[in-house]
Amino acid sequence: MKLLGVRIFRVSKGMVELSVSNRPALRQQDGFVHAGILATLLDSAGGYATLSLLPPGSRVLAVEFKINFTRPAVGDAVHARGRVRKLGRTIAVCELEAKIRQNGKWKSCAWGSQTVYCIKPTDANESPAIIARTSAQP
Amino acid sequence: MKLLGVRIFRVSKGMVELSVSNRPALRQQDGFVHAGILATLLDSAGGYATLSLLPPGSRVLAVEFKINFTRPAVGDAVHARGRVRKLGRTIAVCELEAKIRQNGKWKSCAWGSQTVYCIKPTDANESPAIIARTSAQP
Amino acid sequence: MKLLGVRIFRVSKGMVELSVSNRPALRQQDGFVHAGILATLLDSAGGYATLSLLPPGSRVLAVEFKINFTRPAVGDAVHARGRVRKLGRTIAVCELEAKIRQNGKWKSCAWGSQTVYCIKPTDANESPAIIARTSAQP
Amino acid sequence: MKLLGVRIFRVSKGMVELSVSNRPALRQQDGFVHAGILATLLDSAGGYATLSLLPPGSRVLAVEFKINFTRPAVGDAVHARGRVRKLGRTIAVCELEAKIRQNGKWKSCAWGSQTVYCIKPTDANESPAIIARTSAQP
């Protein structure tokens, strides 16, 4: 997140929005924000959103995410929002959406879903063999 | 790609493999490579792999990708491979896989699929309204 | 659709909702509606929703879909809704959601996204080599 | 499965292949096998493949699947194969692929991935709030 210059823009229970300015290093040579950068932001936003609903000391791991890129990400700033649609005992499903600011107007440029594995403090001795790596931690 | 320090490791018709060293900036505080970084590498690898099968001057756009994270990405180097499974007239489907080197052994840590939109030079006047942004360009 | 006993429940521009009663043949032995049945309904709903925005004589093909199953589909009826989130020149992205009626209350049990390829009448000579099979036709 | 007339074609540790004849009821009016039918077969194949690696009495639940449709499913028979790529303590990831027989030759027509939640007999008191419904049971 530091590498990308990301800031937390908004936080509420089950929803986190990250923001970043579109610096040259994040762009393709045609000026678009790279899909992977959008995915990085969205994955983190979904992880944080899930954490916002879990007890202190919990950890989250991305099981998978799927993102459709619906518009060229041309603009000067990006907002990436993760929102928990369903929180189960061990798995959460988040909706992910990124918007890009073009001439002062925010337009949706990426949208998708994410499965998150939740490890609560009491599960601390769990080490899920399959699941990924920490997608976000406070 | 420059921001991440990525190198092209291998290229053949329909297959591209990128490699990157696991520098501190790419890691979470627990030392894992961030899922978004893996997605960035994989998206690029799939885009390049598709380009390797298209006429010179073609462009590619990621429509979507979906990635499962199957192992904590703890290690000192990452290989990300994109392989075209099906090339149609306008759409390609790629298989994506990332491996991480742990104590000298390569282990699969992320795996998924990607839909790529292909714009050939003769289609140059096309500007697909929906499709994303350039995922890779030579 | 006939095999499953599906009815069109609601249609508006860019949104179609299908409904089906939970007959024994659609269930697992534990009484859940099979994930594949939900996927069948959702795929069709998204295809029809896209068609509702296209000129008469158009066809649609599912490029891919991804569905999260967020609750056991136990209940006596299912609604499957497809909604177009973005319509491009050749590709549409739909949001898919299924709800199940449990003791008179509708609860979300599946949610996901779909990429649809659009063939308009003027494109009639197109035969996209890769894209799938008709997901829905009026 | 009975509704569709599915047979188990091949079973080995971590791999299950189902087969079905392309009867009129499974087709669209243009003769393609419906994407949802392919998804139903693939979801079941992945669930069974996972079960083949678990202790007797285990159950599996589909968390999500994503499928790309890579060729019109025109032909007289379908094989749907699920293969476990990674089995963790609670989650498995499967590769799914369907082939269709056209004039005696088998061609890939759908390909994707599936996340499966595993409930072992000792976990019998677990009732994962979020995860789906039984995708397959012996």
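Points to keep in mind about this one:
Labels for the chains are A, B, C and D, by order of writing; each one numbers its residues from 1.
Just so we're on the same page, contacts are C-beta pairs under 8 Å (C-beta built on N, C-alpha and C of every residue); 3 or more make two chains touch, one makes a residue touch a chain.
Because the structure is a prediction, the values reported are computed rather than measured.
Of all chains in the assembly, those touching chain B and also chain D are A, C. Interface comparison, A-D versus C-D: the higher count of C-beta contacts falls to C-D.
Taking each chain's centre as the average of its CA atoms, chain A and chain D sit 30 Å apart.
Averaged C-alpha coordinates give centres for chain C and chain D that are 19 Å from one another.
Chain A has residues 63-64, 66, 68, 70-71, 86, 88, 93, 112-113, 115, 130-131 in contact with two or more other chains. Those residues of chain A that touch chain C in the complex are listed here as 66, 68, 70-71, 85-86, 88, 93, 108, 111-113, 115. Partner chain D is touched in their complex by these residues of chain C: 2-3, 25-26, 28-30, 32-37, 39-44, 61-74, 109-110, 112, 130-135, 137.
Residue ranges of chain B in contact with chain C, taken from their complex: 63-64, 66, 86-93, 113, 115, 117, 126-131.
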